[in-house]
Every structure is written in C-alpha cells, then in structure tokens.
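In the two complexes below, subunit A is the common chain; its partner is subunit B in one and subunit C in the other.
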Partner chain A sequence: MKLSISPPRSLETKRNRWGWAFVAPGVLFFSTFSLYPILSAIWTSFHNKKLLSLKPPKFIGFQNYAKVLESTDFWNSVRASATFCLGVFVPIFCLSLLFGVLIASRSKGRRFYQMALYSPAVLSSVVTASVWAIMFDPRGLANQFLNGLMGTPGIDHRWLADATMVQVSTMVVYVWKMVGYYCILFVTGIGKIPVSVIEASIIDGANAWQRLTRITMPLLRPTMALVSVMIFTNSLKTFSTQYLFSQRGAPSRPINVLTLNIYNTAIVEQNLGLASVMSLLLFAVLLLFAWAQVKAGGSGEDM
Partner chain B sequence: MKRKFGIAGIGDLLATAILVAVSCVAIMPFLFMAGASLMPGSDVTAIPYRWIPDKPLWSNYYRALKGSDGSWIYLRNILNSFIVATTVATSSVLLASSVGYGLAKFKFKGRNIVFMGIMSTMMIPFEAVMIPLYLTAVKLGLQDTYAGLILPFLTSAFGVFLMRQYLLGFPEELLDAARIDGCSEPAIFRRIVFKNATPAVATLAILAFRGQWDNLLWPLLITHSERLKTIPSYIVRYTADLTADEGTLMAVAVIAALPVFVLFFSMSKYFLQGAGVYTGSKT
Partner chain C sequence: MKKAIVSLVLLALTASLAVAQAPVVAAAKGKNVEIKLWTHDDANRGPLEKQFIAEFMAANPTVKITYSSYPSGKILETLTTAFAANQGPDIFNVASGSAIPFLDNGRVAPGNYKAVGVKNAAELEASYQPGSFEAVKREGDIYGMPLELTNMCLYVNKKMFAEAGLDAEKDYPRTWEDVMALSEKIVKRNGQIITRRGFDFRYDAYPNTFVPMVEQLGGQLVSKDGKTAILGDEAWLKVLQYVKDFGPAGKNLGSPTYTAARTEFDKNTGLVAMSFSGLYQEARMKASNPAFYNSKDWMVVPFPQWKNSKKSVPANYSGHYYMVNAQSAKLEQEVAWTLLNYMLDHGEQYLEKVAIVQPTQKLDQSAFYKSMPYSAVFSKDFAAAKIVYVGKGSSRLNTCLKEAFESVMLAGAEPKAALDKLRKDAQAVLDSED
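Here is the complex of A and B:
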C-alpha cells in the first residue's frame, strides 16, 4: 500500500460519500412508491379519469371535490368512520390503561398476561373477522352467550343483520383484537418510569393508590397522548372486518367506512377521480393526527 | 417481606382475578376456532354449543386444503403468502438497515433532507397512495404478478426510522478498527453492522412478515386470478359463501393463523418489542 499523507478532513469527506451509496436505493424506492403516487393522487383528483378509459383525462378543477362533498354516500362514510373511531376509542383506551397498570403491578405471571392479551393482535385481521362472523351466526356463540347473560333464551340479536348491531359487531371485534396491543404500550410506558421516583415516594410514605394517582398517571401522560392518537389513526384505516362482514351479507351502508368506500368507488364503480379525492381527504385527517402524534413525541405506522 | 391480608391483599386478589378473566376472554375465540375446526358444521352452530368436539373430525383440514371445488387452490394461495411475506421481510430488512446505516453513520451532503423526506412519507397512509400505485402497476403490466404484489412494500419508512435509531448507538470504534484493518465500506456494513443489529433486524422482519401475511387491500386490487391470490382474499371468499361448512371454514382459519403463531411463540420477545418500539422512539 502506498503511504499517503492526506489531511484527515478530505479522507472523511471521501468516506462520507459512501453514505450516499447506502441511502440511494432507499431514496429511489421512496420517490417511486410514496412521493410520486401522492403527487399523482393530487393530480388525479383534479381530473376526470376513468379506469380502462382510453380518453385522455380532462382537467375539471374542483368538480371532483364538489361532487364528493355533495354526495350523501360520502357523508354516510364519514359518519360510519367517525362512529367507529369514537365507539372503539373509549373502551380501548380505558381497558388497555387499566390492564396495563394491573399487569405492571404484578410481580408474577407478567409475561403470561402480556402474551395472552397480545395474542389477538397477532391473529391476522381477516382471520379474526371470519372467526367472529361464525360466532355472530344467528345460531352462534354470541347469541347464546348474550342470552345466557340476560336470561332470554332463543332470541336472535341479529349481530350481522341489524343496522345498529352490525356496527356494534365490528367494534366488538376491533376492541377484542386491539386492547392487548395498546396495553403492551402502557406496560412499556410504565416500565420507563424511573424506579428512584417510585422509591422516593414509598420512603415518603405514599400508599399504592397515591403512587398510582400522583406518580404513575402524571408520568404516563406522554404514553397516553401517543396511544390516543394511535387508536384514532389506526381505527380510521380499518377495512378488513367491514369488508368481510359486508361480503358475508351484512348490510353494507352502516359499516361503509371511508376505506371501504374508496375501494368500492375505485374498483367497483371505477371512478378514480372521486376515489382520489376521498383518499386525499382521509390523508388530510390522518396528517392532522400525525402532527398531533409528533407533538406527543412518538412515531407510528399501522401494524 | 411478610404478606399481610388486609386491603392490599384484597386488591391484589382482585387484580389477579381481573387479569385471569381478561386473559380468558382474549383466548376464548382461539379455543372456539380450534374446537370448531374439528366439528361438522351442524355442531358449530348447535344450541347449546359444546366446546370440545365429540370425535375430532380431521377430514375438515383435508377439505379445507382441497377447497369446495376440489382445486387445491388454497395450497397455492398459502405458498403465495409465504413467497410475498418472506421476500418483503428480507428486502425490508436489507434496504432499511442499509439506508438507516447511511443516515446514522455518515455525514454526507443532503443527509438531513433525505432523512426528513423519508420520515415525511411515514405520514402518508397506504390508502392515500394505493390508487395511483394501482394505475402505475397496471401501466407497467404488473397486474397478476408476484412483482406487483411485492414491489410497493420492499421497505418502509418506519423500518428506516427503526434501524437508524438503533444504529445511532453503534460503537464508532468498531467501525474505525475495521477501516484500519483495510475492510471496505460495503464489507463493514455486511460483516460488522448487519450482524450486530439482530434485535432490530428481527423486530423489523417480524413486523414486515406479519404486515404482508395480513395484507388484504393491495392483493385485492392487484390480482384477479385465483392462482395469484394470497391467504386473506381466499378467506374472504370462503367466508362470503354462506353454504360453506362452518367447521371447514374454521380449519381454513386455523391453517392461516398457524405460521404466525409459531413465530409468536418462538420469538415472543421480538413481538412484544415490536409493539414497544413506538413508545421507545423518544430516546
């Protein structure tokens, strides 16, 4: 090897060029599969574009937006998505916080509880929906369980047939699936509270309840904010359960959430302009939540 | 320390009781699914329901794989899911660790722009870009191909973020020592960085695998022929058929769930870590 006495700075500059080599494939990927499509979606939303049509798309300004905002179908989807979000938010937040605190307080069996509660989140959402669809059968387990609880034998609660019940059913499935997941986030969050703080409070004579309300809860606030935002953003993207239930013959209008509507508008009705507008509006709402999430100090992606 | 049976004791007991009850509720549908997969359909909807099959009907599994039309297409769909999920898991780990390494350990011009750019795509939900992606894929003739199923998921912004955070703490001395020994930059990445990033790599691989095993929306858009479908769309089609035998449907579901649960039980640490990643991102 030839000895060269190059100043360390230029050596470092040369080495740092390797940085580009390592990131280049990623830059290419994200420009092609994220950046370009989102710009294209914005472009499509201002054009009259049909799938499989040979005519060149025509610029039509805000007509697609106007059409979407005037359609009762869209507002029905907004209602369906909002109902679903709010309907799952309260039970998921409260239950996962409660179970998280309880699990963190155990010295024994912590791992077992975590695994048991988390296992529904491991099951894929389509499998989950199909198992629950069978339990929601008129002669299925859900009716038998509810009738046993209320002492009303033989009544069909129409889980997948009644307009209100089918919404409740999708929420039951989602809550069952996701509580364990957010519960783990709370367990992790509680685990990050410094032991010294808790020890100090014990020395100061705080009892278990005081420790919970005065120490754990306030210090858990960032995790609570993060979890709240994640519940909202993830539940806005729900698709599988609603799609599967409607394919099995459940009334689709009550559970026609935005994602389902976008899919149907694009593929069944083949109206890409309208579908693009709807997905951009969904994006705008999610962006708002993402911004809130950054404020809450986390990062996230659908799991 | 001696346990006193007082209010604390009762609270303790109550907490355990709640957790045991909740664990039962969480596990119950699994027991239902497993039991029902070994029953004739009439038993699955029997009143009252009996949890344990009288005589396990293993032929349900044979019928589940064979399909109602006898085409064995489910086997092919399972294979497709494996191909897509393992390819995506592998590529997302490789690409994300390469990009994450570049961002964490090199000070090149434009690094901040690249980092901010990739992070901002994390906020774009798949639902917002799927229609333009679909149009592009159609134009490129990727309909009904494995490439069409795989390409949009080669890596994820979240994966890059995860790997970068992990590699920021990678000891600089190790890299410098390798450089002094005459190791080339790609070799350092392959032999030293990648091999010592196992926790992050395993977490990311599991997230990616599960994401594809679960993916319904994109395969629904991009594939038409049954030959190219993956497990989720097969299950939807099977569940939509109201004349299908419920016991066999549950066998179909068990088969779909099995691989992920084998992963879950053998690598539960990384699963729970994968969930915890979100709260750890502040550090």
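Here is the complex of A and C:
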C-alpha cells in the first residue's frame, strides 16, 4: 500500500500567498488602468482607427508609424517638447536646490516656507495657466513688472504673441508651479544625511560653505540624479498651459508639445492610430527616463 | 384678499396649462423610458431647459430625463469619447462645424417628422429660415434641430467715436479700408502697448469673419466639389496682408493676445470702439452693463465689405444643433425628438432669457424679435449669408486658418509664404479625409 503524504505547507508558501493577496489590488489596478491602455495603444497603432467610426478598424501595418515619422508636425512637436524640457530643467533644478538648502538650514519656520513654496503645485494646472494668461496680457502685470525692473516703459514683451516668448512664458508658468515640489524632495534628501557626519565635520572645523560643498552636495547626489530624471519625465507630460495659451490667442506651433499634438490628433482629427503611435513613442522616451531614474536613485527610498 | 385669490387661481391655471402644453408620447405610455441629454454649460439656458424638461416629464410620467451640462470647451471631447465607447447620450448638441464626423459615421438618427409634428423634411425646413439645416442635411433627411444660429455684425461705440472727433452715424465703417483708417484714428498706445483699440477682430471666428473677407474678393476656402482647398490667391494675399498690417508687427492696432474685444466693448470703459458679435451680445451687454445698454451710445452696423469687393458677402453664420443618438432604441428616439421639438418651440423664451436666436420663421416675424435693437441689421445680413464651411475636415481647416493668420500677424511671416503653407496644409486635410 502506497501512502501519499502531502508536504506540509511551509511558512514561506503561506507568506507568498499573503504577499500575492496584498499585491493583487495593485496589480489589478495597474493592469486595468496602465497595462491595458498600453496594449490597446500598441494594437491601435497598427490599425486605421477613427474615433467615431462604427466600422471595424483595418490593419495597416507600419503605415501609421511611417506617417508620423514623415510628419513635419510631429518633428515640430519633438522640438517643442525637447525645448521645453531643457528650458525648464536648469531653473527648476537650481531654484529647488537653492530653496531646499535654505529651508533645510533653518531651524524655525521650516514648515511655513515649505508650504508656501509647495502651494502652487497643488493648484489646478488650468487655473494656474488662466491666472498667468491674464498676467501675460499686454497690459498685464508681466509687462509692468519687467518694464519697471528694466526701466523700459511702454515696451510690449509679447509674452503670448512672439514665437520665442510664448515658449518662455510656458516655461515660466511651469517653473513657478513645480519648484516647490522638487524643493521638498531636496529638503527630504538633505534630512537623510546622517547628523553624525555633519557633527564630525563641525568638530574638524569645517565652515558652513565647506559643509555644503564637501558633505551635503556629495551625499545629495542620488537625490540630484533622481530629481533630474523626474524633471525631464514630468516636463515631457506638460499639457494644460500649452493648451490654454493656444486657446487664448497664442500661436500654437511654437508650443505644440507632443502631448498637445496627441490630444489634437485624437480628439480634433479623431485619428486614434496616429495618436497611438505618438503616444507610444513618448512612452518609449519616458520608459528610458524611468530606467535612468531606477538606476540613479533606486525606488526613491535612498533619497 | 380677493385679488390674491384671483392671482393664485390664474397662477395655478397658467401652471396647469404649461403642463398641458407639453406633448404626450403615446408610445411611451406605461413604459419606463430613460433619456440622457448632454449639452454645454450656459447659466441662463440650463434653468430654462430644465423647466421645459420638468413640464415634459409631468406630461409623460414614465419618462425620466437626465440633463447634464459640460464646459463648452470640453463638450466635444466628452461627446467624442463617450460615442467612441458607444456610451453616447440620447440627445446632445454640437457646433455646426463639428457635426460632420457624427453624421459621416452614422452616429446621428434622422429626424422623426411625426414626433416633430410635420409631414416631412420639406415642411420642417419651411418653418425655418433658408439654409438653417445645411450642416445637418443628408440625402433629403434632417439630422438635427438648430438650437441657435448666429451671424456677426459690427458693434460701434458712438461715444468713443465722438471723443476721436468722429460722428458714428455718418462715419461708421462701410469698408475694410474704413475699418483700418478709423482704427488708426481711435487707437491710443503707451509705447507699444495698446491702451485703446479702435477695432479688433474676433479671433475665435476665422471661418465666420476672415473667410468672408476672402470671399468678398472672389477667393474660396474649399471648391464647390470639396476637393480643392484655397482658391483665388489674389484675394487670400490681400486679406493676409491686411491682417499683417493690422497686427503688432504692422500698424499695431490689435492682436489676439489682448482681452476679447466684445468683452471690453460691453464694459464701455473706453478700451474698444468696435467689435464683432451676434445679436446675443445685446443681452450680455444688458446683463453686465445695463446703463450702457439703455444709453444711446452704441449702435450695430452691417459686416464691412472691401472697396473693390467682387460680391457682397456678410459674415458667415454658425451655431449649435441638437441631435439624437442613432444607437438609442426607436422609442427613446421618438421621445427624444418629441422633447426637442417641445423645447425648441419656445424661441422667444430662448431669445429673452438666453439671448440666442433660433432661425425659425415664427421668431423672425415675432414682435419681440423686431423690438430688439438693431435686429433688422442682423436679419438683413443673415438673409444674404451662408453657413461656415461644414464639409469634410472643417475643424482641422479652422486650425490651418488660425495658424496662417497668426503667422502673418504675430510671427512676421510674409503673406505669400503663409498662403503656400496654408494651401499645402488645407489640401492635406481634404486629401486625408477622402
């Protein structure tokens, strides 16, 4: 007679089951709202799919890819997105680091300054863009402020009218909105530097500047790398300011970033195939940045 | 006391009459019918339409109507995505220029003439002004009912004319050359910044106001067969040059980045002397600045023409149409058409409370319409006008027009270069739609 003995459930198996149970909602959420749309976009990119059509979409191979890559509008959008990313990177990085160091060095009122800097990030992007659009009116605050500062009364800096200035304007709005967010990341990064290291440097006679340049900055490198990648990733997804400014009379071509082009292709032109191709190309770039982010700062825990 | 009782009785009678006026859909009796109606936000129209819906539901107790409104800038996006997921509402409204994708893709139900109370499409058309259904007519059938159709004329501030040493009654602009010359006389600047505009364009209305300028000179946006874009180079070049001269890089008389001219006109704070708008602007002016509305300081004149116009062309009109979802069940469609007919039968109330003009013969002939200041000016222009281009690719063509006019006005492009690009882009739009 043969005895069949089932192996006892190990503690690890039990833990694994619980692990899966805890992870399942996240996996389900990710599959529904991220993975499925990505797979759907890949499928759509090979089909001639019009948004309102009731006919089944036709498989057209790589035709949509060829159309997008040959389109001058697409390359203009790549230029607009790249210009925007590079244009906002330096001011956001420098200002948020500067404010981060200043806030971290204060013992009193730290929370107040953090809150004040962070508050624009909480505002809706549409509200932010609307408020700035009023300020960029030729008779608005932007001209008055700059003319007062430079002693050039009556000069219209054409914030929303000139092809270059309208790009600068979108960057100003974005920097104003996002500096507080990245500043908080720097404050957190500085807070994680071991106090013992700082104390040791003080005992060794290091002054404030030496502590900043020889201890804080080197130990802040992982945070800096993470913030750099995040600035690029998030600024590639900018949309509301460009959309609203172009609705309010600003020339659309200079600020027709990829996200705005995707929106117009899908909603105005109703061509989901082309919009999907552009989305996937943008996704590929974002994926690259995400990989760089993981390499640079891990999951963010080291920050 | 007696007076109060009589008033109450009259009020009750009126209320009961209102309920009684709403039509009963015999086919819906005893059946639960749910209708979803989506429209764009309008603080004045919402309460009025909700009142009509309440009356309709009182007359048809088994019918439930859900009224939802969305921001006007978002309604098209909301509708398009809902229809793409086959979850569109039973009743919806779209702008005339955006109707075509819904029609071409079979998303809209043809008119239920019985429910609308007419024998056929011809009878329905006859009760409206000619051309009212051009955007929603396919092979003899009508696919939508106009919520409003608007043509634009020129509002003139007489006081600002007088301040510039002009007599508006005599000196108002008849031609585009007049518009430019008067703007130069009235404009004031602080350095490069305009502090008072003589006139400024309506930059959200390229097909309504810029295209007619071209048409007056013999040019066309799209050929009659719908296959060729941008005809009549001479006309286009002249208009593009005019806009370039008008803009910041030319005589610096106006620009799309200033606050909309019609908004500043209503305020009467001396910022804009002339602006384009529809008859509805009168009601907005009345609400925002009743003192100015009631003064004799403003007037409305016809859409200007060129001195050497080849033909007289007023501003093109555009508007919104209520439509019924073709995917709704037949009974829902019948209820939807009956409801639409009931709502839109109150043209005078829409005009009085919402300030929108439904192009019905009944409203055009009504004493109320005629009593509105300068309604005759709008009517005369409307009678000679046509609808904006509503053929294939109309939304994308608007984007091409916007880019072309902005490039000469703001980016300093030469009219010839802008025209070449416009032709290439517009032709690509038409070709891709085939």
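Everything below uses one rule, namely that the second predicted complex is superposed on the first by the 267 of 303 C-alpha atoms of A that agree within 3 Å, B and C clash if a C-alpha of one lies under 4 Å from a C-alpha of the other, contacts with A are read in each partner's own complex, and residues count from 1 in each chain.
By definition in this document, a residue touches a chain if its C-beta (ideal position, glycine included) is under 8 Å from a C-beta of that chain, and two chains touch if they have at least 3 such contacts.
Just so you know, these numbers come straight off a predicted model, no measurement behind them.
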item: Side-by-side fit of subunit B and subunit C on subunit A, or clash; value: clash
item: Which of subunit B and subunit C A:267 touches, first, second, both or neither; value: both
item: Between subunit B and subunit C, more extensive residue contact with subunit A; value: B
item: Partner chain(s) touched by A:70 [first = subunit B, second = subunit C, both, neither]; value: neither
item: Touched partner set for A:162, first subunit B, second subunit C, both or neither; value: second
item: Touching partner for A:136 - first (subunit B), second (subunit C), both, neither; value: second
item: Touching partner for A:50 - first (subunit B), second (subunit C), both, neither; value: second
item: Subunit B versus subunit C as contact partner of A:188, first or second or both or neither; value: first
item: Contacts of A:204 with subunit B and subunit C, given as first, second, both or neither; value: neither
item: Footprint overlap on subunit A, where subunit B in one structure and subunit C in the other make contact; value: 51, 137, 139, 247-249, 267
item: Touching residues on subunit A, where the partner in the complex is subunit B; value: 12, 15-23, 25-27, 29-30, 33-38, 40-41, 44, 51, 98-99, 102-103, 105-106, 109, 112-135, 137, 139-141, 144, 176, 179-181, 184-185, 188-189, 192, 208, 222-223, 226, 230, 233, 237, 239-240, 243-244, 247-249, 259, 262-263, 266-267, 272, 275-276, 279-280, 282-283, 286-287, 290, 297-303
item: Subunit B residues within the subunit A interface of the complex; value: 8, 11, 15-16, 18-19, 22-23, 25-27, 29-30, 32-33, 36, 44-49, 95-96, 98-99, 101-103, 105-108, 111, 114, 117-119, 121-136, 151-152, 154-158, 160-161, 179, 185, 189, 207, 210-211, 213-214, 216-217, 220-221, 231-232, 235-240, 242, 246, 249-250, 252-253, 256-257, 260-261, 264, 268, 271-272, 274-276, 278-282
item: Complex contact set, residues of subunit C against subunit A; value: 73, 76-77, 80-81, 83-84, 101-102, 105-107, 189-195, 203, 248, 255-259, 395-396, 399, 402-403, 406-407, 410-411
item: Parts of subunit A lying in touch with subunit C, wherever the complex brings them together; value: 50-54, 136-139, 143, 153-156, 158-163, 247-253, 264, 267-270
